[in-house]
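Below, chain A partners chain B and then partners chain C, in two separate complexes.
For the complex of A and B:
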């Protein structure tokens, strides 16, 4: 009898343990890191401590930051928007650098990147470039375009002309063949055909009665599947409203809300995965109830303006950085819990789940 | 250009050379070098709704590199994209190290 009980224990006990672990937990095994765009360096923060996990030296101010699906590789724009750095986010070291300036038959091709993204598998990079050729006694303007770069060979594979004002490239979730292109309006780039089409007019809406949208797409979000940004709208009767625009990166659906306050020019916003609350920042912090479109909590950043707000990987905390040299962890009632001093002033922050 | 009239021979020569009927080809972004002509988003921080300076970053030094790096305020801070890329190299935190900022002579 005892032997049978022992056998039963040996077989059943592990099954009981396994069944007690949520199915998604194994797939969700990750290390959370916050990547902050500094000046002359990418600052990597371990938010659990919080402490600086690494400082990765680059040239000049860091701008765009994008990551592969597994979070193990990041693409960072720096060097006065001329160089893309590929970073191994596990070892926190630069593994590749692509400089987009080039010699031509007659001079130098000066290219600056305004929006870049690494492909989900980390093999290619996409960059929107403005470009012109500096010749000995003249300057030839070339059209702005999105270029596809093979990261191994650093060669430009394909390109397509793209409109002025483009500022963010972002992959559609679970679709490596579609790139959302955010400029004054939202475009979609079909990477199979390398064809760019207008998806939704924002500055140029179909019907101006819906309001002309203006937004500062310097702080794209999307790590939780929602790209979100503060939105100003101007109506034909002269009304100006402030609110939030967000897009589900999987479906591509855009939603907006306008809260009942005078516009103050918020810089960035983050919407939670369940689309219950949004958080915005600049000179004030707002917590916005999405259903009622009301600001339900308001606070003031402790040290002055902050450009960037984001959510922790588990969406239990609100992170702030950008502008000054600090990283702030607050609770969802906008109360500061921890502050970490950083080595440089900053621009933005990205929360990355690095698969283990 | 339609309201301008050439007064000297050089001006008249330009008028003969340039086809004034033709739509201009140059757009704002196309005016390179890339630096400070590449951004044109006026009005975000500058009180389009009549609220004074509420929308401007506070204190001002927290915004100085955001403005400098991408030439948002090209008249007020050096052009970080083309001519003064190393202006702030010795001053990573504007609030602490501002004495190390270099002077520029445009």
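For the complex of A and C:
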């Protein structure tokens, strides 16, 4: 009898352990965490519970969030877009703060970041900054640029002028020498030569008959290799459409789709890595079949507008946050399964696989 | 040269130095009138020269390269206090506004065009800027009145672009439908050419100042209540005035007494502060001659309760008609008209030079301030608007001969009310008024010769917007419209009875029905109730 119980225990115990972590996580050996940009804090959520795993205090509202390839280090923009915080995501601790304000011989150089990224190895940060010199009785604008920062010394290593409208920097997947620079159009920064080139016109397409694209990528995606964003398009005949634009971060290929209905305005979108379905959010939630370009499921956020949508690391669930103080887990039919109250209002959420 | 290191400590120290330099606390001694050796005034030198040096041209940097209204200078000084560490007393602030408005102000001709902005008129539909780049780059965020109430050198207009990009760096994201810096450059070129700091009208006006002491007659109009008449007396003490005013609406409501304290800026801009029972009322008037003051007033706690007023200096020599009821006279009819004014016992029929086909058949003096008349208008008289030239009599305002009332218009045509009253934010009501119109000579609606006949009593109601939309009706939440057309919005904050929207914001269609000259007329207009004016310095 005792022997049978032991045998049963030996059989069941591994199953219990396996069931405690997602199947994907077990295979790839990672811990899934959701990083949510709050006010005065980075909110770290363990979505398996769900529960708040940590609250990391910073100055002001949190904006950009980017991570190293192993997920163990994150770069967070906060302090009215003036400071970059380097965070150890295993211990949920700030390990470095880079303030981008500087002195000039006539006053202060107020630099604000609109797009930042940490290098895949965590040694450098890249930031697009607008620069305003505050002199004794006047303001002077200096050219906006992308700066390369050594995170150890906090020194600015190199820089290159970049156009107004830039707001997202994102590394090409598996290529530490190429940054995608999202602005009015998509640019590519060759980090070896520190040279910026236009990759694809979006606001300024080669042929305006293809539609003039307008997007504001405050909610970039790409954790699963697909960066995606809602896109409005305006055609020469006056037609305005709403849809989604997404890019394969490895190949750099951009695709778009347009809904078969009137624009309602969406803030963020996420596309699964197989490019089967997309999910979008603001005042409504859409599930879009990419092949047919049809909205196949529609729902309404339970407590009001939500800015950010993302997919769980195993792509089995849809996560929502941004705007109010809530984190929502829904199934892929847009049915709410769990809700978690957060300590502050929020902007966006990133799903990170932290290697074990 | 820009140092490339991130010297956060040095930056913080730098801020402290700049702030401390700007925060010099000048003495409060009375300011003396500027002399040629003084930059604007002693108060300006004391309060501003910590940061603003004298440039190579001998002018105080920035300050002596711009001209603004008292409201514009007030906003600039507030910004210096808010973000640059200027510390001044209330008296010093007032002295700065007075001195800057006197030395670096606007001419009457320049201010007249932006009176709506200076008076903060509610639901005012500003005309589109003539320049497309100005329209594109500026008025997405604020009214054109904000910069049209300024005059700057070309360099100062350029500085304004840098000011925007440094102060509001997100400007290029919320203007991503255009290349904002490029559009702004084109706008600046236009503004420098058309709103330059040098002007003949300013050179001619600067240094003049009206004295409004004495007795005045008042004619006003308040939407929902109609025209009113009154009397006023200004008494001068030092550089300020006090005013006692009493007004009475023609519809027979009670007399209202107002006591006010006021000051003239730039020699002609009369800014008044009244108390009337529990209400505080602000007045924004311009003295346009020794005998005339025109302007607007509004409740401090509800900008939507407002009116327009004209003051006429009391004189005892000649007959002077300051208001007539009605002003639109129908053809083929004998129109009963009441004239209001001064010395009307002296008025004779020959004093009124009426157009062809318009005949004064009866003139009866009710008092020295009121006449009743019968005006016969021939069927064949020309439909038009005209002024009455009258010998030794002065007749103010325009009159209209018309065929028939054809349609109504609601003012404001797009009503914007704001929730408020529950917390620190004030609500903003709307005084809806229905005006009758005639098609004019061409018999067509909405053409240049259409004739505005005046306000008419109407029956007011709200319809859902959009009409016929299932499941959406904002009316139970957003506010109420009274029988006289006064729309009062609901309070701000969460309304738990409301699904999804959760606040008392929304839209409705306003409907006015009126019977004019025996004809039933109906008109609709759009209404919104929106959030309180949280950013009321960006209007």
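General observations
Everything that follows uses one rule, which is that the second predicted complex is superposed on the first by the 329 of 356 C-alpha atoms of A that agree within 3 Å, B and C clash if a C-alpha of one lies under 4 Å from a C-alpha of the other, contacts with A are read in each partner's own complex, and residues count from 1 in each chain.
Basically, a contact is a pair of C-beta atoms (placed from the backbone, for glycine too) under 8 Å apart; a residue touches a chain by one contact, two chains touch by 3 or more.
For clarity, every value in this text was computed on a predicted model and none was experimentally measured.
Residue contacts after overlaying the shared chain place A:345 against chain B, while chain C stays out of touching range.
In the superposition on chain A, contact of A:265 is made with chain B only, not with chain C.
Contacts of A:195 after superposition on the shared chain: neither chain B nor chain C is touched. Of the two partner chains, chain C is the only one that A:155 touches; chain B does not reach it.
Residue contacts after overlaying the shared chain place A:203 against chain C, while chain B stays out of touching range. Of the two partner chains, chain C is the only one that A:103 touches; chain B does not reach it.
Look at A:291: by the touch rule set out above, it reaches neither chain B nor chain C.
When the two structures are aligned on the shared chain, A:51 is found in touch with neither chain B nor chain C.
Touch criterion met: A:240 reaches chain B, while chain C stays clear of it.
Note: residues 81, 110, 112, 114, 130, 132, 134, 139, 141, 164-165, 214, 216, 304 of chain A belong to the chain B contact set and to the chain C contact set alike, using the contact criterion stated above.
Every residue of chain B that touches chain A in the complex is listed here, in rising order: 26-34, 38, 41, 43-45, 48-49, 51, 54-55, 57-59, 62-63, 65-66, 69-70, 80-82, 85, 88-89, 92-96.
By the touch criterion stated above, chain A contacts chain B in their complex at residues 38-40, 60-61, 63, 80-81, 110-112, 114, 130-132, 134, 139, 141, 144, 164-165, 214, 216, 232, 240, 262-265, 282-283, 303-305, 307, 322-325, 343-345, 347. The touching residues of chain A, counted against chain C in their complex, run 81, 98-105, 107-110, 112, 114, 130, 132-134, 136-142, 154-156, 164-165, 167, 184, 203, 214, 216, 300, 304. Across the complex, chain A is touched by residues 1-8, 10-11, 14-15, 18, 21, 51-53, 61-62, 159, 161-163, 165-167, 169-170, 172-173, 176-177, 179-181, 500, 502 of chain C.
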